[in-house]
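We just call them A, B, C, D and E in the order they show up, numbering each chain from 1.
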Amino acid sequence: MQIAKVCGTVVSTQKEPSLRGVKFLLLQFLNEEGQLLPEYEVAADSVGAGVDEWVLVSRGSAARQIPGGETRPLDALVVGIIDTVSVENRLLYSKRDQDR
Amino acid sequence: MQIAKVCGTVVSTQKEPSLRGVKFLLLQFLNEEGQLLPEYEVAADSVGAGVDEWVLVSRGSAARQIPGGETRPLDALVVGIIDTVSVENRLLYSKRDQDR
Amino acid sequence: MQIAKVCGTVVSTQKEPSLRGVKFLLLQFLNEEGQLLPEYEVAADSVGAGVDEWVLVSRGSAARQIPGGETRPLDALVVGIIDTVSVENRLLYSKRDQDR
Amino acid sequence: MQIAKVCGTVVSTQKEPSLRGVKFLLLQFLNEEGQLLPEYEVAADSVGAGVDEWVLVSRGSAARQIPGGETRPLDALVVGIIDTVSVENRLLYSKRDQDR
Amino acid sequence: MQIAKVCGTVVSTQKEPSLRGVKFLLLQFLNEEGQLLPEYEVAADSVGAGVDEWVLVSRGSAARQIPGGETRPLDALVVGIIDTVSVENRLLYSKRDQDR
């Protein structure tokens, strides 16, 4: 998985019928130091992530491994909202600090 | 998924029999600011996208997750025509504005 | 899919038994302007493509979506010989012109 | 597979239900000379790897090929702790030397 | 598939049980001119390849398409030892010449 920050949304009305009701989040990837990378991904959301939150994103066929989602043409999925990222016993990111 | 702009078409007569009738669109990827990237993709179209429209493209096995398409040797599919892209409450792209 | 030019062949006698009889083409990728890129791919051929022809290549599990090929350890397949590539109503490539 | 060094952990409480109990390791990739690369990956751990250990990481659908893990939305998995890496009969890395 | 040169081995004792007995080769990728690229891959060997040999490597789910290997968490497999690589009727590589 990659670490990404939710930075927006994408809306599409004319789409594959199986994608009706799917929310598309615009994610920007972060490096392991928490800096924004130029790469982005549009991913389906399954955990209720909001703008500015750090999330874990799975890509490829993993994006369809949720109940009822096996046959949707998705290649990216937000699988979790990140609480903390720790590097060598140092706390790199804490959602609690961001929410203050 | 990635955001891409439809910029052309590719025609192939001598191809895998299962690909008969599939329309191939030439897509150029856009970055999250809407600027054209050098990368491109040839994708099957399943939503009737036209030149200059912004679309969502799924890659990998996701491209075969449409009824009747499970066994076609495709690795890229246009899964939706984009209406709007919003970044941090700012409207980055609106199809309506483009159509005027 | 990506656009590539057939530039050679690869021969392997000592290989996975399921790959017996498979022809391996050496492909060099082209960008959307038709210029050779440094990246290449060795792909199985299923359409009878020849040297200098432009082809469409599918990668990943798509390369096994042909009758009888589902269990071969292939990750790249030539799925079509390109007739034309058109960008914004301009003909970028035409096989007919090349064959003259 | 790629060679990576375990450099931290990622904690997520609000996540896909199927990911409960999965430990997420933050891995930084190494090149074939053992130098840290800028790329990282968050991977599920199935072998009990600890910080500073060198590990083998599988990506893509391979990350779900463990008993009970077939339907979890994971795209990266630590599949082994590395004992030695040898290049042209030269020992590039030995876990034993690191543990001293 | 990509062309790579076998340059070493990786040994892991503490690993996924399904990987017992699998030999891991360290491969360095070659470009289409036969020059070593900085990218490498650790791949399972199924054809008995040795150091300095040129091989074809398949990545992704293709790496599990061998009898008995369908459920092993592998994402790279050596599928053949290369005899010759020919580019535009020029012999770029011949194993016979190397073995002299």
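The criterion applied here is as follows: a contact is a pair of C-beta atoms (placed from the backbone, for glycine too) under 8 Å apart; a residue touches a chain by one contact, two chains touch by 3 or more.
Bear in mind that the values here come from a model prediction, so they are computed numbers and not experimental data.
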item	value
Copies chain A and chain B touch via same or different residues, half shared test	different
Centre-to-centre distance between chain E and chain B (centres being mean Cα positions), rounded to whole Å	34
Separation of chain C from chain E, taking each centre as the mean of its C-alpha atoms, in whole Å	21
Multi-partner residues of chain A (each touching 2 or more other chains)	60-61, 63-64
Graph class of chain-chain contacts, one of line, ring, star, complete, other	ring
Round-the-ring chain order [start: chain D; next: chain E]	D, E, C, B, A
Complex contacts: residues of chain C adjacent to chain E	7-16, 18-19, 24, 26, 28, 38, 40-43, 51, 60-61, 63-64, 71-76
Partner chain A, residues of chain B touching it in the complex	1-3, 31-32, 46-48, 56, 58-66, 77, 79-89, 92
